[in-house]
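Next come the structures, one after another.
You will see two complexes here that share chain A, one where it goes with chain B and one where it goes with chain C.
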Partner chain A sequence: MKVGIPRALLYYKYNPFFETFYSELGCEIIESPETNKVILDYASKYCVDEACLPIKIFHGHVYYLKDKCDMILVPRIMRVNDKEYICPKFCGLPEMIENSIYDLPPITKTPIYANNKEKLLRWANREGGNITKNKIKIKRAFDNALREQEKYTCGVNDEGYKTKVVLAGHPYSVNDSFLNMNVIKKLNNLGIGVITEEFVSKDDINYEVDKLFKRPFWTFTKDTYGSTVYLADNRKVDGIVYVSSFGCGIDSVLIELIKNNVGDFPFLILKVDEHTGEVGFNTRIEAFSDMLLRRKLS
Partner chain B sequence: MKVTFPHFGNTFFAAKAAFDGLGIDYAVPPLCNKEALEIGSYYSPEEMCLPFKIMIGNYIQGIKEGADTVLTTGSCGPCRFGEYCELQMDILKKLGYDVDFIVFDAPKAIGKEEFLRRVSLISNASSKSNNEQIEAALNGLKVINLIDDIEKIAHIKCGYEINKGESKKILNSCKREIYSINNPEEVVKRLHEYKRKIKSVPIDLNKKPITVGIVGEIYTIAEPFSNLYIEDKLMDYGVCIKRKLSPSWWVKNTIMSAINMQSLDIRLASRKYLPLYIGGHGRECVGETVLSKREGCDGVIQIFPLGCMPEIVSKSILPTVSKDLNMPVMTLIVDEMTGETGYMTRIEAFLDLLERRKSNNVLSWS
Partner chain C sequence: MYYLGVDVGSVSTDIVLIDENFKIIDKVYLKTKGRPIKAIQDGFRELKKYKKEEILAAGTTGSGRQIAGYVIGADVVKNEITAHAVAALYIDKDVKTIIEIGGQDSKIITLKDGVVTDFAMNTVCAAGTGSFLDRQAERLEIPIDKFGEYALRSDSPVRIAGRCAVFAESDMIHKQQLGYCEEDIISGLCEALVRNYLNNLAKGKEIKQKVFFQGGVAANAGMKKAFENALGFEVYVPEYYSYMGAVGSAILAKEYYEKGNKTKFLGFNIADLSFNTKTIDCSGCSNRCEVVEMLRENKPIGFFGDRCGKWSEKVKAS
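Moving on to the complex of A and B:
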């Protein structure tokens, strides 16, 4: 059986788990290529107009895979921590896909509650059950997949640059270099190092988050807010670069929260959507880097 | 303590009755208006959704009338509404207003003790006895149920009435009158009278009006200002309106959700298309579209504020529902930039479409 894994959204964070799980069950894995112009065109054609760019790109990847495999992984990740969510669009992702793209092979629809192991195993049994009836095999694949996932780290922490910025944003905007127009490389070329939220410890994040009136109920809001404010307040970085997709409801809250709490600190917000032009994007990054440089000199 | 609260459809009648009963001083902000929206969109984050902006306008206008405490509800995700209070507190603080916020969150999320503490902030401010306080709260509940009922009846009768515009006139005079009364018992009595009055509006059952279901995000469909008074306009056209989501529905739904028995019909109806709660009222929107067909609606209008996350999911599902049920669905997205003329043109075109479908003959002029 060929299982298609779209290289979009939380692929960048949880890919080892899904890939190991399905290959241990004896499936052939077909991954979509890195996002490119063709996929972006599919994306804007086959997705509801109002959705944000990452969701659209996911549609593009699914469309690319649809005739190449027998089943497509559309992870409906409900939560990864207790009492927290990802985003409403993640909860309804399989429905969005199903109703926007026709002639699809079967897709996975079982909700994933990754906040505890038993619930995650329930997902594995349900979805693995479509492939093999052997429960022991599923359990073994599941355990190996979790082990692979634990070994995996993503994120960037550049060393050896004089200036350093925190690159904030959802994992899929930070890691998809087509979506963010290669922002990491562009910053590096200007002599700016990048650190991402994965390199801030959980305690530091929680310390910052507990200062809020209400604990955010979105996992990425909590992580991004906590890490960015921690790095900025302790002057571990010289500035914040935030990659945000147009129309992201979570970002509209999160950016405001960060702004209110870091005070007078260099903060660049890069909005991306399917029409973003690269030249204007470059100009803004260059201007920001000039500004950081002058702050250092003064 | 002088309390103010954001507008949400007819809730201010209920809040007024409850505070009158409790003997707490309050300032009802002026009904949602252009100025509130202007203030709100000036101070709010640009990409925030429309309800947030109107609410900021309400608060500031309420504070200008002397309020020092803001009363609002919260939720615990995954929709943005749950984060409103945090940002709104920041915004008002930055503007230099010294106000207290009392946020009623779900007891599940903040813990029972914290919830009771927040309730006690209100009840301590009242000089009435416990029994009187409970009675005041129940009166508020009665008022919201009655006014929503009256509105519902008016929305159906406007298609059948013999004297055109009669039910709308009664509805409006009802709202005007009870707003000026400060005695909760009197309000409930008057509402009962109005309910009888609107039930006795003469109708002509031979009429075959178009029936339109209104679904979508609860704030934008229940707060008439935010949807550019779409219901008033439809009533003027003599179109029957069916809308289930209202403040009274919300209260009932919230209470029932404690024992997981809320809106069973909607859950059953939406099962085929969206089997899970995705936050906001995305699932209700899909379920209600299905129910509208069963209840005999000719078409459905979905309304939501720009960028509303759960409704974007339901918007992508609705075309399939529409095709399966053979019923037209139109989506209207509102924000502070919505122009009234284009909006009206779309509604009129949609009504024309429904009218022609109903007469079964596209080319009939009779």
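Moving on to the complex of A and C:
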């Protein structure tokens, strides 16, 4: 059986789990390539127009895979930590896909509650049950998948740069270099190193978040807020570069929340949508880098 | 001996020559009309009286800075935020805030002790920029340079939605259909754009005095007045408000020369050479980049638009 895994959204964080799980069950894994222009074209053609760019791009990857495999992983990730949620668009992702792309092979629809092992095992039993009836095999695949996931870290922490910024944003905005117009390489070329939220400890994130009058219930908000404010307040970085998809509801709150807490600390917001013209994007990055470097000199 | 600054913007292309004392010796203002190379060449034709040897260094800025850099052989290719800040600070060391509104971008730049400490640009929306005003002027059949006069004649501006260019336009049409006079509508439009600017770009930023208002839209006295009404203090429009980007890039070129570097400037005679661009659909990988190849007299002088650098590094190396 060929299982298609779209290289989009939380693929960048949780792919080791899914890939190991399905290969251990004896499936062949077909991954879509890194986002490219062909996928972006599918994305805008086969997705409702109000969705944000990352959701659109997910549609593009599914479309790319649909005739190449027997089933497609469409992870309906509900939560990864207790009392927190992932963005609401993830809750309805299988339905969005089904109603926008026709002639699909079967897709996975079981909700994923990854806040504890038992709940996640329920997902594995349900979805694994479509592939094999052997419960022991599923359990073994599940355990190995979790082990692989635990070994894995994503994100960036550049060494050897005098000037460093935190690259903030949802994991897929930070890790998909097509979506973010190669922002990491561009910053590196200007002599600026990058650190991402994965390199800030949970304790430091929680320390910052606990100072808020209410704990954010979106995981993305909590992680990005906590790590960014921690890095800025402790002057571990010289600036904040935030990659945000046009129309993102979570970001509209999150960006203001960060701004209110870091004062006049250098903060650049890069809005991304379906543009492929990079001039405006480059202008902002170059101006920000000039500002950081000239600020340091004075 | 002079320094050359070229600002290729979405609407206009501005060229200035400054001397050692930062005095503007000559200047040219042209409409870009989507043909940046032609605009530069037309401008250079007017400057042919200067010899190549008289130019010690050249700089480019604006959204067309890259292409301009290849065409003229620029020494410094800099973004427009830095260029505008450099120019404003040269004119007045005390400037704390720069409001710059150009063809497709609007910006706010905050300065402290002679350094840019913060800036913001409009996001994906072009409401409140020069090209929107241009379009409305055209629709009302009023020359854009008369827009300010009309606005100043009004004493009861009409309220117009300013958040989005499309909303603003339909609101304007509805107000016209109700019979409001042009003066009040234009003045209302200026107020709406200023409101949008202050809510959107300047949100959460303290606008400290002294404030400079520059870029093409600063020509509009109605906009200046609307800013002053909203802020409650005077806003200064520098003499060469529409050339500030070019002046800034000339100053940066001067800095480059003073560091002991030699210029790569190709001279004003490039006005007579043929320049072409060709789009190559690169099939090297699945990114399928649309690479632009620049040709001078049918010889490639530059490539851009490739994500991996395979093409653009070709020319730099040679």
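In this section, the second predicted complex is superposed on the first by the 297 of 298 C-alpha atoms of A that agree within 3 Å, B and C clash if a C-alpha of one lies under 4 Å from a C-alpha of the other, contacts with A are read in each partner's own complex, and residues count from 1 in each chain.
One rule holds for everything that comes next: contacts are C-beta pairs under 8 Å (C-beta built on N, C-alpha and C of every residue); 3 or more make two chains touch, one makes a residue touch a chain.
Predicted, not measured: the structure shown is a model, and the values here were computed from it.
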Combined model on chain A where chain B meets chain C, clash or fit: fit
Chain A residues touched by each partner, larger count belonging to chain B or chain C: B
Contacts of A:203 with chain B and chain C, given as first, second, both or neither: neither
Which of chain B and chain C A:100 touches, first, second, both or neither: first
Partner chain in contact with A:283 - chain B first, chain C second, else both or neither: second
Degrees between the directions from chain A toward chain B and toward chain C, using C-alpha centres, nearest 10: 80
Contacts of A:182 with chain B and chain C, given as first, second, both or neither: second
Contacts of A:28 with chain B and chain C, given as first, second, both or neither: neither
Which superposed partner A:111 touches (first chain B, second chain C, both, neither): first
Chain B versus chain C as contact partner of A:294, first or second or both or neither: second
Touched partner set for A:36, first chain B, second chain C, both or neither: second
Shortest CA-CA distance between chain B and chain C [superposed frame, angstrom]: 5
Chain B/chain C common contact set on chain A: 246
Footprint of chain A on chain C - complex, ascending: 63, 66, 78-82, 105, 113-119, 121, 123-124, 204, 285-290, 305, 307
For the chain A and chain C complex, residues of the former touching the latter: 33-34, 36-38, 178, 182, 246, 259, 264, 266-267, 269, 271, 273, 275-276, 278-280, 282-284, 286-288, 290-291, 294-295, 297-298
In the complex with chain A, residue positions of chain B that touch it: 45-49, 74, 76-80, 82-83, 85-87, 89-90, 94, 103, 105, 109, 273-274, 276-280, 282, 306-310, 312-317, 319-320, 333
Partner chain B, residues of chain A touching it in the complex: 47-48, 50-51, 76, 78, 83-89, 91-92, 95-96, 98-100, 111, 212-214, 216-218, 221, 246-253, 255-257, 260
